[in-house]
Amino acid sequence: MDERTLILKVSCPDAVGLLSRVTGFVAGMGGNLLEAHQFTDSLSGWFFARLAFEDDSQPDGVASYRSGFEPLAREIQADWTIRRASTPVRTVVMVSREDHALAEILWRASSGELNVEIPLVISNHADLGPMVEDSGLSFLHVPMKAATKDQAFREIHAACQAVDAGLIVLARFMQVLPAWFCETYAARIINIHHSFLPAFAGADPYRRAYERGVKLIGATCHYATDKLDDGPIIEQEVVRVEHFHGITDLKRHGRDCERLALARGLRFHVEDRVLIHGPRAIVFRD
Amino acid sequence: MDERTLILKVSCPDAVGLLSRVTGFVAGMGGNLLEAHQFTDSLSGWFFARLAFEDDSQPDGVASYRSGFEPLAREIQADWTIRRASTPVRTVVMVSREDHALAEILWRASSGELNVEIPLVISNHADLGPMVEDSGLSFLHVPMKAATKDQAFREIHAACQAVDAGLIVLARFMQVLPAWFCETYAARIINIHHSFLPAFAGADPYRRAYERGVKLIGATCHYATDKLDDGPIIEQEVVRVEHFHGITDLKRHGRDCERLALARGLRFHVEDRVLIHGPRAIVFRD
Amino acid sequence: MDERTLILKVSCPDAVGLLSRVTGFVAGMGGNLLEAHQFTDSLSGWFFARLAFEDDSQPDGVASYRSGFEPLAREIQADWTIRRASTPVRTVVMVSREDHALAEILWRASSGELNVEIPLVISNHADLGPMVEDSGLSFLHVPMKAATKDQAFREIHAACQAVDAGLIVLARFMQVLPAWFCETYAARIINIHHSFLPAFAGADPYRRAYERGVKLIGATCHYATDKLDDGPIIEQEVVRVEHFHGITDLKRHGRDCERLALARGLRFHVEDRVLIHGPRAIVFRD
Amino acid sequence: MDERTLILKVSCPDAVGLLSRVTGFVAGMGGNLLEAHQFTDSLSGWFFARLAFEDDSQPDGVASYRSGFEPLAREIQADWTIRRASTPVRTVVMVSREDHALAEILWRASSGELNVEIPLVISNHADLGPMVEDSGLSFLHVPMKAATKDQAFREIHAACQAVDAGLIVLARFMQVLPAWFCETYAARIINIHHSFLPAFAGADPYRRAYERGVKLIGATCHYATDKLDDGPIIEQEVVRVEHFHGITDLKRHGRDCERLALARGLRFHVEDRVLIHGPRAIVFRD
């Protein structure tokens, strides 16, 4: 990732000439456009854009662009961010007992595909501690019982704050989150659900898929909200199955979907390719 | 389809040596095995097989095999059929206003991919009458109102009997069927639902898929039962969509899924490749 | 398709501020942007954009935009077009003996998915004449032998001119085109090849796919050039196959790929979503 | 994997009654059939079968079945094996500098999806040594230059013999193998090629895919023969790409195809699901 690349993400009520004004702002600052995505949702009358551009000319880099964009942003009533693409996203990973989603994230991060720093891995079980620590990362075991669950999440919240987490990834973390936790990290918690949502939301989706006799199974990467398995969908993946696949086979094929959907969804988020609008996610794929 | 090809479909409680006995029966009759499929469902302890074989030696063809197989079938408590593969399935198609599923069936039948005879097309609207009659087929318009619906289905049932229908295809027929009709034609009514079931069962699935922001849409070919959109699934198809696809776009892409899933599912049924077991369909694909 | 929608397609050498200038032009003319696509090819240093916008304010519609864009186009050295989206593309379809690709185009056109007028269908065989004429279209049979092939294409060229063809679709037309014909209709001949190019270019691809034992087969929709099966690729589709699929089965599954890839590729072309750059096609999908 | 499961793999010239005789043999020995696959290639007149069955009754297990099957095998001129499913396949992995294929194999093996023992990883570069040794495996660095290549492969051959390798996996090993090495390990070397073969056989396939402007890229898992990228194909995987994917993006998406195709292909081999017949592989998938 080039050190000079900046990313502007913006959404606002639609109006004539918006793309021209936003791209004009970048050109006026001396930015050289590398990649531009735009989408107008005609149903809701909303405008979305993501611009990646290169800049040497501004002495303060991101800060100059931010202060320069502010007046226009106010005028068009925009939600917006400008970030340096090379800055990694500080990401806390939460797991239970299964390791495939975690292993996938670790490999993607080490390979450079996923621009994250992982200051901490948290689990409600001790099982994956050795794997995490062998990878040179910190592991926090927070046991959970129904009675102490809220207290456990207070501890998790404190740990996330302590490491300045910008993103929380639920990599097959098999616990429902308290509403207050979802709100605190709104649009910053990414979950991988092991079904093709909205089919088989909730527990034990592969067993239910087997019993229903579906011919395709899948996985869904989405933002967590306080409603279970219901937040904006970032990415989905499916694979064809047949009658001879038992529940164990569905889980095996499903893990491949989970790993792919999570890896892609995470990358889209980390590269500022996702803009949330109500229950839907606008995703400028790469 | 070779005139000499016969197809034996059999399911029964599992036992040691079943495949050997069933294939032994065919060999003993002088049948030359062309294609053999077998599946044992270890969860339910059930055995399924489909054998396609060629025979010249039996003077009465199908009849000889049927009477030859009966004692073994009784002993192993089998559900079974033996049919000549070249005999077309007499198929009544039911439609409402949209023509894509019907057009697909007509082309598949005319191309020889789908071994059906279509003695009648029935609709609750008059719109597709000209298209059907231009294709040289008979069209029956049965208007439906809530108050007269049961009477309308009595008329449809009589028409199906009159043409000796062996199969009824709901090719985007947008009406819920009466329970007695589903029971009368159990395992002989095939529906194409315009979503990836069990997601978005019921009305208006593309609108709901849009609102939920899914990243893949699909279609499901299944047997109709008296529970809406809930019978055994024969085939499913999906296509990737993005945020820029509005409801009209989802419908357009969805039609491609519907056409493919219906065409394949129908072919599987017509070629005796589907064995139903409770809520699941065993499908020996080709 | 809304009568007021116009589409601007533009490609030119990359420069700072291009998107801002082009979108600024549309906004300045009073056009309301509906859909904007942009791509910069950093390898070749080339800029591509497609803008769909709505306009009531210009008295002469397309003509005003064209004359308004000319000075900017000259300055940025652009290849460009501005068209009214609702104007159908006059399309000549060429076929040999197989009807599936033709049937697909006819259904797509009749359903409104494909904005074409088909003034003529041409074939080197008489077989599909009745089907074409039953659809209410004109059919021209131009027999071809090696010795008279060039003369036959002179006749085809004259027929295309007579109906003012803007596009020629080779819907499984099994003849190599003369180089002069490809040049005359450069970027206006679309072919569907029955393999996943560049694998199995040339004759009899399904047989070769079978012999090679591939596990996926496909189809490729591309612009025809004077080099066989080698022009810019617009769309491809694949389907998984297994060892039990013989050549006839591969052809059957392959037809589904051919129909989908051709239908989508045609739509992309007809909606001005394709920009050609050397051997590659930029496709702004929908 | 149940300790009692045995797998019989058999191929031979087709004849009437073969499946009955082979399944009859298993039943006669007291084996309880778990899974049966059969395929008759009508073009070549060849019969293929794979039977998985459970047995407690034979005192010597595999040995009893082997000696019991021999007379029948001789009579039907069969190529055949009987193996205990739970016995891991001793697998040597060969790599160059890229780690994704190796990481995938290691995770699949550790997760229990892939029943292999990996006594040794060999590379022509030192780069992946630490990763291998951190995983607790042995690493052998065999530098290669054109002049000493044959000698290097003699060393590799000796190392494979020393660890009693039953399978060699080329996990992105970027060197052409000598013909004698391919012959020595015929049908026991599995390669992952980073294209959808036969497209882009040979070097640098992603660059060539980019230049050709294909809309789908892929990977191929196949047996290595002395003809480069040409042995029987076990598994292929593809992913849709667009014009905005540069060569680096194609490599990134391609790695996902490579990992999946290799993991599945390996599993099929290790579970005795692959039967080779000339240039084609019969694969009884699971």
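In order of appearance the chains are A, B, C and D, and numbering begins at 1 in each one.
Note that a contact is a pair of C-beta atoms (placed from the backbone, for glycine too) under 8 Å apart; a residue touches a chain by one contact, two chains touch by 3 or more.
Model, not experiment: these values are computed from the prediction.
**Student:** What's the minimum number of touch steps needed to get from chain A to chain D?
**Tutor:** Minimal hop count between chain A and chain D: 1.
**Student:** As a test of understanding: of all chains, whose mean C-alpha position lies farthest from that of chain A?
**Tutor:** B
**Student:** Quick check: how many Å separate the C-alpha centres of chain A and chain C?
**Tutor:** Going by mean C-alpha positions, chain A sits 37 Å from chain C.
**Student:** Quick one: report the Å distance separating chain C from chain D, using the average Cα coordinate of each chain.
**Tutor:** 41
**Student:** Could you pull out the residues of chain B that touch at least 2 other chains?
**Tutor:** 35, 42, 244
**Student:** Chain touch graph shape: choose line, ring, star, complete or other and state it.
**Tutor:** Graph shape, chains as nodes and touching pairs as edges: complete.
**Student:** Under the stated contact criterion, what part of chain D meets chain C in this complex?
**Tutor:** 39, 41-43, 196-200, 211-216, 218, 232-236, 238, 242-244, 246, 279-283, 285
**Student:** In the complex formed with chain A, which residues of chain C make contact?
**Tutor:** Residues 16-20, 23-24, 26-27, 30, 32-36, 38, 40, 42, 240 of chain C touch chain A in their complex.
**Student:** Okay, in this complex, where on chain D does chain A touch?
**Tutor:** Per the touch definition, chain D meets chain A at residues 35, 99-100, 103, 107, 111, 113, 134, 244-245, 249, 252, 256, 260, 263, 286.
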